[in-house]
Amino acid sequence: MRYVVRENREISNGIYRLRLEFDGIPTPGQFIMINCGGNTLLKRPFSICDHDADEITIVYRIKGKGTYNLSKVKALDTLEVTGPHGHGFDMFDKFNNILIVGGGIGIPPLLFLSKKLKSKNLKIALGFKSDVFLVDEFKKYGDVVIATEDGNTGIKGYVTDAMKDEIKDIDMIYGCGPMQMLKSVKDMAEKYDVPCQISIEEHMGCGIGACMVCACKTKTDSGFQYKKVCKDGPVFWSREVVF
Amino acid sequence: MRYVVRENREISNGIYRLRLEFDGIPTPGQFIMINCGGNTLLKRPFSICDHDADEITIVYRIKGKGTYNLSKVKALDTLEVTGPHGHGFDMFDKFNNILIVGGGIGIPPLLFLSKKLKSKNLKIALGFKSDVFLVDEFKKYGDVVIATEDGNTGIKGYVTDAMKDEIKDIDMIYGCGPMQMLKSVKDMAEKYDVPCQISIEEHMGCGIGACMVCACKTKTDSGFQYKKVCKDGPVFWSREVVF
Amino acid sequence: MNLKVNIGNLELKNPVLVASGTFGFGREYSHYIDLDDLGGIMVKGLTLYPKEGNPPPRIYETPSGILNSVGLQNPGVDAFIKDELPFLNRFNTKVIANIAGETIEEFVSLAQKLNIDGVDALEINVSCPNVKEGGMSFGVDPNSVYAITKKVKQASNKTVIVKLTPNVTDIKIYAKAAEDGGADAISLINTVTGMAIDINTRRPVFKNVFAGLSGPAIKPIALKNVYEAKRAVSIPVIGMGGISSAEDALEFMIAGATAVAVGTYNFINPAGSIDILEGIKKYMLRNSIFDVNQLMNSINV
Amino acid sequence: MNLKVNIGNLELKNPVLVASGTFGFGREYSHYIDLDDLGGIMVKGLTLYPKEGNPPPRIYETPSGILNSVGLQNPGVDAFIKDELPFLNRFNTKVIANIAGETIEEFVSLAQKLNIDGVDALEINVSCPNVKEGGMSFGVDPNSVYAITKKVKQASNKTVIVKLTPNVTDIKIYAKAAEDGGADAISLINTVTGMAIDINTRRPVFKNVFAGLSGPAIKPIALKNVYEAKRAVSIPVIGMGGISSAEDALEFMIAGATAVAVGTYNFINPAGSIDILEGIKKYMLRNSIFDVNQLMNSINV
């Protein structure tokens, strides 16, 4: 589908927010695929960071040529988009004390999740390299602690350091961020025996579950199995995922 | 070199004029190569339609993806350009009565030529499918007759029909336009024994004479020879060219 | 306007298929297009036993192409028959089962298991670059191509299509080997073997080092192979490789393909196969061609 | 920082060359770059007699690639020696004469004529897809590759490089044939054979039907061939095919190339070869690599 861009703006160093007309009904953790134009071939996956009546927001970092092209798009331009895709975060009535852990460009989908979880008691731990973004938006939904690798804002260090003090009395953890962070989150969740869902990234082809390129290694009774990030995920139970 | 676009505007149905900052010194009949972006690979050749102190103008028609992309460029955008390239029209002091014959998107370089030849007695015959362009600009430099295939403006028919009545007392002919037109111009020039130069199009690789892909078949004493449109041409003596 | 084409005894309602491995078992794309509109579906490559495939990454974008190294992840032929075929059979389109054995015996077993209603044809994949056993080692040996074709043909009561690899010196020999083995048709091209390196880690991007190149980048190569193969055999040819527009599909048909398959382009445009079919119809109207078969092999050389 | 590399007895000041046929005889590009900065120039393919080449069109853009059918238009080896070599010899760079014979004898004559000062190496083109005589028919036959290499090597006092075609089932056999014939190095890849059709006229775009595919589209294929060839021989490998950035060039070096050649990218960016060289230097600085030879074949598999 072609959708009209409403805004595309740099909100932090190399980080952009794009607001897009949209008529699907996404749940937190789901993503869209965007044809970024230029001489890219495959569409690029982006998590939904916010959703209102007829609009979604994504927040993205310039990584390569696709995201670079995307950063040049202007309001009123149109983009070819499919989605929402994938299996997002499962939300449970029974859990009230929730820890949300995000790192870097893994943070955006957690905003949409926080919004949907807002009636809950949310502790939100966010990690950045240096420049922070979306922090004020998260503050609407819970207590936010921040870690930056260079100490620019909040605690100096990794978000998983900031997280340690939050974990007691937690019913459920949601995480999204770099592999290394997700691994620490998984380990900590297992250590404290808290259920935990994490959102995984993998390079994609079709984005809808047909081509089998977005493999995520998961545990099974008899060994392991490659699940599809685009359809079975991107959100998995951390216990399942084999790093 | 990267140059700044000053204006890019549709001046007729599917025909655009692009004004570009430029620091080379072109002669009429020369061309530039533009990287049209998008998922084009090779640069596209365009004849120089006008030149002022620090600016050149090209006039182009949307043909395929390169020219389509080009039509989307806006003032202040920059374009990667090489040139001026090629061997343009030779201008001779001894000739005063000059006939200029242009067809369709072959017309633009003849405007620059007319400007440079302006002290001469110019008869200008221009042929279009239906919508005309650049006609007022040509009127500054000589007597203009127009032919359109559908009779929209001027004579109904081909420019070569319009040309017939102009050819007596002509010292020199310059032509640019579709193959079929150039062939008629060549034939007429030979019939009336008037020297004639025509500008030829061929698909290009390097645009500078190194790759040998832009072959134009030319007569030699012993047979024929492929000359390079980008370097030996695009302007050739009509007698040389083997159609 | 007639769009029907015949691949051996198999009648396709139109010449647009979707290529194996790019369309799964049709489920996902059924949300984007009406599967009834397709000439047929070449399902993901099936093996005798379930196969987990290769470790990620499995895809890498290259200029106008992709490298993939899926390694034939699939639930196995039995699960296909049980879980996927009934879904596919809800639609009025042809089901072409793509099979990949590690040995000739496996190919025969696969063919036997697929001698069932609801399967319309077999496509023998002797050209997968992403597996250790079988795969391309068969496809680059004309004797293997001949032998596998012959055995599968004996074991099967379906239309048998042999899928060839372009990674050979002379495609004509392989096309002929398939024909001599009794193939009802050949399909080509499978992916072109390629490679990518991460210059920061100085490691190959893929664990298997090599991977299969597909997409628009390979179209000129595919077209050449289809044209050459067609001139070596008298059985129908199914053309594929980079097809991303009706114009591309028409090039393949003019070069000699009786049907075409859309692969990688499904990823870029999930309704791409149908858009291509519509474009072919428009071209036919514009050029007063009333039977699509008139296009086939209509090249003027 | 050491950028010098050795191709047999030939020392290149840096590993960046320009590929035959894409750089003419250097004249035109001398307005865009200082030819002294190049590791060497592989000149347009030379034949024993002047050659007019194929009728136009000779080029066609494909997704991220071009098809070309120049057909070796060149002034012949004698005119090269008389008119072009003196110009090239004004520069402090290596001149690699690319030669294309229609027979083994022609290759030998070409080699003999080029036993002159100012020519630093020969590149034997056994892989031109665009000519009827010789050309690729040699390149797809290992015996011919061996025989031509051997004869040229006997006739020549220059470094002899054999340029291989990727249009074969197993590049290793051809790399080995060249090595066994006495080649000092191999270079690859030449263009991949492809085709295009004009769907309006239903004619092939090129009079010769087939043409040679080059440019970014073929890079993954080229890289695979370089990697495989390097593993089959112990002589140096010169890598080419789609190189359009320093990153591309580095992939080839890491895969096993001692030097790289920039081809089609010269058309897109006339200073591309030098930009690539500069990018390689930056990468070396960033990664504390002080000798470019440390990069060669440094792949971790």
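A, B, C and D are the chain letters, set down in written order, and residue numbers restart from 1 in every chain.
Simple rule for what comes next: a contact is a pair of C-beta atoms (placed from the backbone, for glycine too) under 8 Å apart; a residue touches a chain by one contact, two chains touch by 3 or more.
Quick caveat: nothing in here was measured; it's all calculated off a predicted structure.
Enquirer: Across all chain pairs, which one has the most C-beta contacts?
Expert: Of all chain pairs, the one joined by the most C-beta contacts is C-D.
Enquirer: How far is the middle of chain B from the middle of chain C, if each middle is the mean of its Cα atoms, in Å?
Expert: Here the centre of chain C sits 47 Å away from the centre of chain B.
Enquirer: Return the distance between the CA-based centres of chain A and chain B, expressed in whole Å.
Expert: So the centroids are 55 Å from each other.
Enquirer: Measuring from the mean C-alpha position of chain B to the mean C-alpha position of chain D, what distance in angstrom results?
Expert: Computed from C-alpha means, the inter-chain centre distance equals 36 Å.
Enquirer: Touching two or more other chains, which residues of chain B qualify?
Expert: Where chain B meets two or more other chains at a single residue, that happens at 39.
Enquirer: Which chain D residues reach two or more other chains?
Expert: Expected reply: 63-65, 215-216.
Enquirer: Chain adjacency by touch: line, ring, star, complete or other shape?
Expert: If you draw each chain as a dot and join those that touch, you get a single closed ring.
Enquirer: Touching pairs of chains, all of them, please.
Expert: Touching chain pairs, listed by label, come out as A-B, A-C, B-D, C-D.
Enquirer: Which bits of chain C are touching chain D when the two form their complex?
Expert: The touching residues are 62-65, 67, 140, 167-170, 192-197, 199, 201-204, 209-211, 213, 215-221, 223-224, 227, 242, 244, 247, 250-251, 254-255, 283, 298-301.
Enquirer: Using the touch definition up top, name the residues of chain C that touch chain A in the complex.
Expert: 21-24, 27-29, 31-32, 44, 52-61, 63-66, 68, 70, 73-74, 215-216, 264, 266-268, 270
Enquirer: For chain A, which residues are in contact with chain C within the complex?
Expert: Touching chain C from chain A are residues 35, 39-43, 82, 202-217, 224-226, 231.
Enquirer: Once bound in the complex, which stretches of chain A touch chain B?
Expert: Listed in rising order, the residues of chain A that touch chain B are 37-39.
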